[in-house]
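Structure first, then comments.
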Amino acid sequence: MSGLTHFDDSGASRMVDVSEKEATQRLARASGLVRMRPETLRLILDRGMAKGDVLEVARLAGIMAAKRTGDLIPLCHPLGLDSIQLDLTATDAATLRIEAVVKVCARTGVEMEALTAVSVAALTVYDMCKAVDREMVIDSVRLEEKSGGRRGHFRREPT
Amino acid sequence: MSGLTHFDDSGASRMVDVSEKEATQRLARASGLVRMRPETLRLILDRGMAKGDVLEVARLAGIMAAKRTGDLIPLCHPLGLDSIQLDLTATDAATLRIEAVVKVCARTGVEMEALTAVSVAALTVYDMCKAVDREMVIDSVRLEEKSGGRRGHFRREPT
Amino acid sequence: MSGLTHFDDSGASRMVDVSEKEATQRLARASGLVRMRPETLRLILDRGMAKGDVLEVARLAGIMAAKRTGDLIPLCHPLGLDSIQLDLTATDAATLRIEAVVKVCARTGVEMEALTAVSVAALTVYDMCKAVDREMVIDSVRLEEKSGGRRGHFRREPT
Amino acid sequence: MSGLTHFDDSGASRMVDVSEKEATQRLARASGLVRMRPETLRLILDRGMAKGDVLEVARLAGIMAAKRTGDLIPLCHPLGLDSIQLDLTATDAATLRIEAVVKVCARTGVEMEALTAVSVAALTVYDMCKAVDREMVIDSVRLEEKSGGRRGHFRREPT
Amino acid sequence: MSGLTHFDDSGASRMVDVSEKEATQRLARASGLVRMRPETLRLILDRGMAKGDVLEVARLAGIMAAKRTGDLIPLCHPLGLDSIQLDLTATDAATLRIEAVVKVCARTGVEMEALTAVSVAALTVYDMCKAVDREMVIDSVRLEEKSGGRRGHFRREPT
Amino acid sequence: MSGLTHFDDSGASRMVDVSEKEATQRLARASGLVRMRPETLRLILDRGMAKGDVLEVARLAGIMAAKRTGDLIPLCHPLGLDSIQLDLTATDAATLRIEAVVKVCARTGVEMEALTAVSVAALTVYDMCKAVDREMVIDSVRLEEKSGGRRGHFRREPT
């Protein structure tokens, strides 16, 4: 563990210099959970079958947020993105799981873009349902997989 | 449970009309955790004592994100904010806790601003430490307290 | 016709000074059309009945754009908004009509917010359908109604 | 007509994956009209000869909006742009025509950037003249030409 | 001199809490200089008399930047603004002076908005002329006057 | 001196077409000064040794602003950046010097990104200290060095 690369020798924060790195195909996959009351999830899923769709609004919010990651995370490189995809699925009666996959051809990875997409989609679910359930919790936001770049393929062990 | 107020009768999404509500003093407090390896947290805390400071960068990212909540969350009202405060503290050897308090005088509450501040601060911690610990997890992002507005004071029960 | 109020006496552009005006309840309603091939509109409406929904994506894009009007239109005042609502309806076999209503309590009106919502929703329809119909046209973007402020109520004559 | 490429098989919206496409030189040209009363257009053109210049403000607004297209249109790829040019010309006594040409070397086209530039320039004309003519109408916003990319050169037939 | 109000007792940065302050009419005036070669200034002024106008582009850039001050300056409150005005005048053969006046009715002042307007207008002058004069210098960016708020009227002594 | 390249033949402003230029490694270095009372600088430096750090907040503000240069400067190309670094050092008892170095591989240079980083970092210093010293002045913001691109290496003569 060589230390935190966002700091230079004197300890000042900086954006890591990637100008010597090669632009390669990169992918990152992240996930997160929104825990809520079963009635809330039922309401989301029922409206999803009608015209209004919490899942669709959250998905769009996540996609749009991924594009603005470099604006939100101070030391993150601004990147054009080639693909962003979000899935939202109920994994049990009280849990909505969000997964984002982001791709780019760039000198640096897109973990932050995938994690930002998941977080903002989760916040949007909260916003749209808070009138009926203020106690929803966003849990387990984490990187699942990452490929491209010098450090090789990473895939998180299932827990 | 009367239904999801972000949808009108036909199910289309909309920004809730708050023009009839009164502008009152409002406060929201939210929190979240970043779980990591003890070495990672030690590294954060040690650098915090030198000039470079993960906690300070994350705090600023959270403050700046709170100001842009209306840009990120599709159906959230754009609000001027009167106060944003973030605290980041280690609660055990492997956990960093983030808490945000936001205040405004407005026609609608600032839960989303507080939750967005916490989420983006947590993502920033991830970004700055991911080179040494890709398996960090963001957990338990939730509303702790809310006051002002018609629906009265809310304080989450300790779990 | 006294002249263009965005220019001062020397002809330089400026943001009109509204500090002497009173904050009042204001509303603006704007509309626009997207003309397309009947097959394209049928495809939009059919998907609208399934989970994917061009209309929903366009509606959200319009809502989010309304919130950023002051960022896009150089001499427009930045405003918090109290309500934004968009309707998208087919008015004949080849025409989608978009209508936006925006409300605020402020020193200046929200015509630009309503017109921006309509325009960006229309552009989003174009974006989502351009792979099947590049010749869609955005037409008749205009102010329909406006109330609040010194100059009284305005309602466009039907043509 | 194979269907709307912004949706995946289950109907959820997504940003189309362009990672397999080649980066090529791309150009898009779009146009639109602002119809107004002859006195309004005369006022615009007269001020254009002095220091204040509606056309110049609208041109800049269009250029700046083109750069932010990926922020405004939910499923549009964020792109660096190599060139943006806008022309505003009176085509008859009551009509201002706006044309935008955008160029980039990228994996996807710039139709949306050109159309967004035209739309925001037109909205800016409206904003700057609305005090003297609220009934201006934005018409015929459409793609005129597009080159680069797999689907070859497109040029709209004159109507 | 009681200390830096942007820090709380433990030294962490925060956005100062203004929720107890009264909303009052506030004004700030700031200025700055762009020093350049006389030929450069002549070129600016000559084009200013034709259709292209460095001064007009810079003025708009300053106005638009003022509206985004809260986005740029980390601990600055986001504010709606009631008026922004910029003047650019040649004060000698090699100096362009920029002055901005900003007004708002708010709980906090608009010094940062006025200074940001001046700085971004000056940067825009640099951008538009850098092909002919890379050695231009931005000098003496400073607050000239401020009124409203608890601390009374401030007017900088002429130097 | 052939004229201002931001204008086309008719004098209208435009974003210069760089589509024929080659993408090369580019670097720009800019600097600026913040002049203040010695007590103010002492206060900054002392807090810098504790947890609160004006220099750190200003550094982050500069980094984030560099990433948004294309949004702020109307005719500037939007660019992904490979590296941004800021140094803030006291050069005498009353002067803080800010230097920014920006790198990119692109078709156009990054002078504006470096100058914007310096300007916004300086404005942030002003914001954080204005409660104790309203008369601070931002001086000598200028390009120090530039490499890459057709016009070769530039290094400003020491004055």
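Descriptive notes on the structure:
As written, the chains take the letters A, B, C, D, E and F, and residue 1 is the first residue of each chain.
We take it that contacts are C-beta pairs under 8 Å (C-beta built on N, C-alpha and C of every residue); 3 or more make two chains touch, one makes a residue touch a chain.
All of these numbers come straight from a predicted model, not from anything done at the bench.
Each step here moves to a touching chain, and the least such steps from chain B to chain F number 1.
Shared contact partners of chain B and chain C, listed by label: A, E. Both chain C and chain D are touched by A, E.
In this entry, D-E is the pair from B-C, D-E or C-D that repeats the interface of B-F, since more than half of their contact pairs coincide by residue number.
Seen from the C-alpha centroid of chain E, the farthest chain centroid is that of A. For chain D, the chain with the farthest CA centroid is B.
One simple way to say how far apart two chains are is to compare their mean CA positions; for chain A and chain C this gives 31 Å.
Distance between chain B and chain D, defined via averaged C-alpha coordinates, is recorded as 37 Å. The set of chain E residues that touch two or more partner chains comprises 12-13, 51, 53, 56-57, 60, 64, 68, 74-75, 80. In this structure, the chains touch in the following pairs: A-B, A-C, A-D, A-F, B-C, B-E, B-F, C-D, C-E, D-E, D-F, E-F. Residues of chain F that touch chain E in their complex: 1-7, 10-13, 32, 39, 43-44, 47, 50-54, 57, 60-61, 64-65, 68, 72-76, 111-112, 115-116, 119-120, 122-124, 126-132, 134-143, 146, 154, 156. Against chain D, the residues of chain F that register as touching in their complex are 8, 12-19, 70-71, 74-75, 77-80, 106-107.
By the touch criterion stated above, chain C contacts chain A in their complex at residues 48, 51-53, 56-57, 60, 64.
Those residues of chain C whose C-beta lies close enough to touch chain B in the complex are 25, 55-56, 59-60, 63-64, 67-68, 80-87, 103-105.
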